[in-house]
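Shared chain: chain A. Partners: chain B in the first complex, chain C in the second.
Moving on, here comes the complex of A and B:
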């Protein structure tokens, strides 16, 4: 046994081990988005599911992101074929209802799905408090760099993406992000369009 | 009760292994028979204990003993008996148990067949095998314990993952893979044993290792092909390989093991490449553990990844230990591993073997880089990247083309030195095979340059390999007047390893042609059909006859019956289905395939109307896909031919040279066969 060479061999193993050890600290499913901090891509999508009072919108109306400036926007991409969307459905619906009356808008966006199936799904799940929009050809989903469904984007009062949640959102995360964005909105003064 | 027996057996096995390792160190140092016997007994006892634990698990599965955590996780009263038994390897804990069992079996067979061998090689190798077993035994009593008691006892379970109980190949691919993958531990143990016993300088350990590598390699080859077939049959996309990390994990050790099967011959015949061979053996084992780590720790996302807990950290510690110990050992022994032989001439089989090793290693590193690159990129630049098929295809195709060509040149050239005249006689005529296959491919409509190159060079190499067989037959026919059939049989049995090599080569060519044709000439269409409507793909017309549903014991099925229409009449039916399992909300697509020698018609049911008024189907025509499966079978036949013991005549010679080893009975051929190449 040549111990000098042996120690060189051991030294060669260390970087590989270090790389693998470092890899253990990462979650491969956590895909960062370049969007947070950037201005949110605009959209104009029509309502296919009305939601319930007091958050209801009229089916067929067009919702433009530009018109929502000055409010916090929570954009949830979902689909009727998506299993994890079922897990977060009740939570999202309830949290949206809690924040009714505050300058915050919850909106669903249907991803790669038919409005008919979407409507049927909402009915099956016991209704949804806020309205959902149809996204033909998944154009908006592509603009937002959607990784999968469900995915939830939080836009601040200036229309910037503040936070992105990949996978089902929990009530804690929703409330924490919404509260902090609303607090910033209050500090910045009354909701206006001055930053346009 | 089952849980108690299983867990108890595993606990005792940990103690036995630890004692065995201690005895192994003493046996290796003192070389006294008592200590050696103690190690061997530990190996046998461990096999018995892990067999008891595995048996207890099978009994628990079959009797629906939901007080055992693993059964509560994968068992279900509705699952048919067959799938209940094989659900032993359908989730993490069970598959680790199965792994441990296969390893203990290998260790017992290795020790039993070599128990009379003199020297410290086998005791040290047995100790290395026990060391690896210890890791899996610790997993089984710790983070991957399949025998956790569950209380209160559930009355029923969810059943295995639906995808894993939807096809018969679930019973075939995983066991083969474990036999191949785990089997690579044996060559590694021999290498460690040779280094620790000081026998690394002799070529003797290589002969032992070569044969065990062949066995594991045969299993691994079969497993990879079976895995491709399985994914083709169940996943509904009509593909069989996607460069997923788990596929790469099985392919990388296959590449290095293939390189070793060739370079070992160089050492046996010419005493060359001794350090290189140790590296290949150790590298193959490290790659199996690395592959398992990558896909079981959650470090890289993959379709195959099981859900993970703390097990990743155990694997990390183990891989660190294996890397440090084996690299340290190899580097520490490297000055004893100089090459004794030299290359006589560039125009020789040796050169081709060197090139073959070079390209196989380059291939392995390409796959390794592609698999690890996301990790490296994130560590260095902090960016998430994914490496997909385009990278792997672009990087590997040129290597594959060169390898297919070398597989023809190698067998044609002699050892030592080929004269100019010999080169011409051997290397020119196979070009006719290349021309023939190229012409056929062009006529058939193949236009992709890479695919054409693969097919043409495969044609060259098929002729080159077949010619070697024919020349051998001819020599026997002329010299001894044997009939052609007898000559073939005698030739095959007279030098099994060489003949098996040619056979394996021919199998690989069939696989290469199958992949080239099916990937470059595939055509597909998707259509929504009402009953009576048809779809035509690549000249084949399918008409939807009916849409149906039925309940089976463990699932409900929705299917479509389509008729092949040829010249206005029905020439057969095909029935793609969707299977619905109670534990899963998503249906499992179950495509239907109609195979012929020239290609497959592959139909997948994409969607259906509940009222049966229409279905959406995807129809794919893929030429020559069955050639891949048939080629895999030929490769395996080649491996079996090479492993089969040589005739007794040769065995006596081997014994005569090593009188100290004594009688080895029927397994004498284990050593003898390698002499004949």
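Moving on, here comes the complex of A and C:
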């Protein structure tokens, strides 16, 4: 056996095997968003599902991101046809209620769906504490580089995207990110006891 | 005097239609008013939209461009491409917009710079390496009988 030739073959094959092995450890669906750290895309969307007191908004009102400056914003993209959205709905709704009275806004954004279907879904799910907005033509979704639903964006008090959650958000993730952003907001001197 | 008045009236009759033609008087007969999209302009816009959309990956598909995909999101993204081109943005601007939202992943052909160069260089290097192996092997086969004959 030619040891020199064999070792050359192994040396040539090893990088390829290592590259393939590294590829196997990666989730092809986990595509990093370039948005965190950047200014959040602005939007002006109308409310189609009002939410519940004390977080309720009037149906038909326009919510502008620019008007929410100084508050943490949790933007959850969802759809009535999305099965994973069912998994996180109760958690999101409960966490939003827990944070009522703090400078944080939870908002749903309907993705590729009809408001009628969205409203029926919310009713079927037992209600939703925060308001949901309609996004015709998915313009805001595309502005946020959406791949699918659910996806949740956390915006800091300065209007920057701080974190993006792909897939259902757990109560732990929601609380951890919200608390850290609220802590930064308090440190920066943002109001700490504001509802809307 | 009468002749002078008649001259002024005739001159006014001639000048009137020309003045009312305004800035568009140089346009060819039958040209549509500005702002109206002609079929030619429409097809040109569609061709430019198609060219840009063919380079952008559909986020909800497997290896399809937003031009080739029938998905709702791809259609909406094509609509964004068309609107941005209509607004006067260049194809490079539109591509940059999508890269700023989705990252370079959105490009079906990554930009040939940095680590992306591997994708472009590796096939060439592999072909050259293969050719080298073939050349060496052929030389060895062709020279081997002569060598063995001398021993």
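The rule is simple: the second predicted complex is superposed on the first by the 188 of 196 C-alpha atoms of A that agree within 3 Å, B and C clash if a C-alpha of one lies under 4 Å from a C-alpha of the other, contacts with A are read in each partner's own complex, and residues count from 1 in each chain.
One rule holds in what follows: a residue touches a chain if its C-beta (ideal position, glycine included) is under 8 Å from a C-beta of that chain, and two chains touch if they have at least 3 such contacts.
Not measured: the values here are computed from a predicted model.
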| item | value |
| --- | --- |
| Contacts of A:66 with chain B and chain C, given as first, second, both or neither | neither |
| Partner contacting more residues of chain A (chain B vs chain C) | B |
| First, second, both or neither for A:35, with chain B first and chain C second | second |
| Contacts of A:83 with chain B and chain C, given as first, second, both or neither | first |
| Partner chain in contact with A:120 - chain B first, chain C second, else both or neither | neither |
| Partner chain(s) touched by A:145 [first = chain B, second = chain C, both, neither] | second |
| Set of chain A residues, in rising order, touched by both chain B and chain C | 31-32 |
| Partner chain A, residues of chain C touching it in the complex | 59-60, 72-73, 76-77, 79-80, 99-103, 105 |
| Sites on chain A touched by chain B in the complex | 1-3, 5-10, 12-14, 16-17, 19-24, 26-29, 31-32, 81, 83 |
| Residue numbers on chain B that touch chain A, as the complex places them | 293, 297-301, 312-313, 316, 319-320, 323-324, 327-335, 372, 374-376, 378-379, 384, 585-586 |
| Residue numbers on chain A that touch chain C, as the complex places them | 31-35, 41, 112, 137-139, 141-148 |
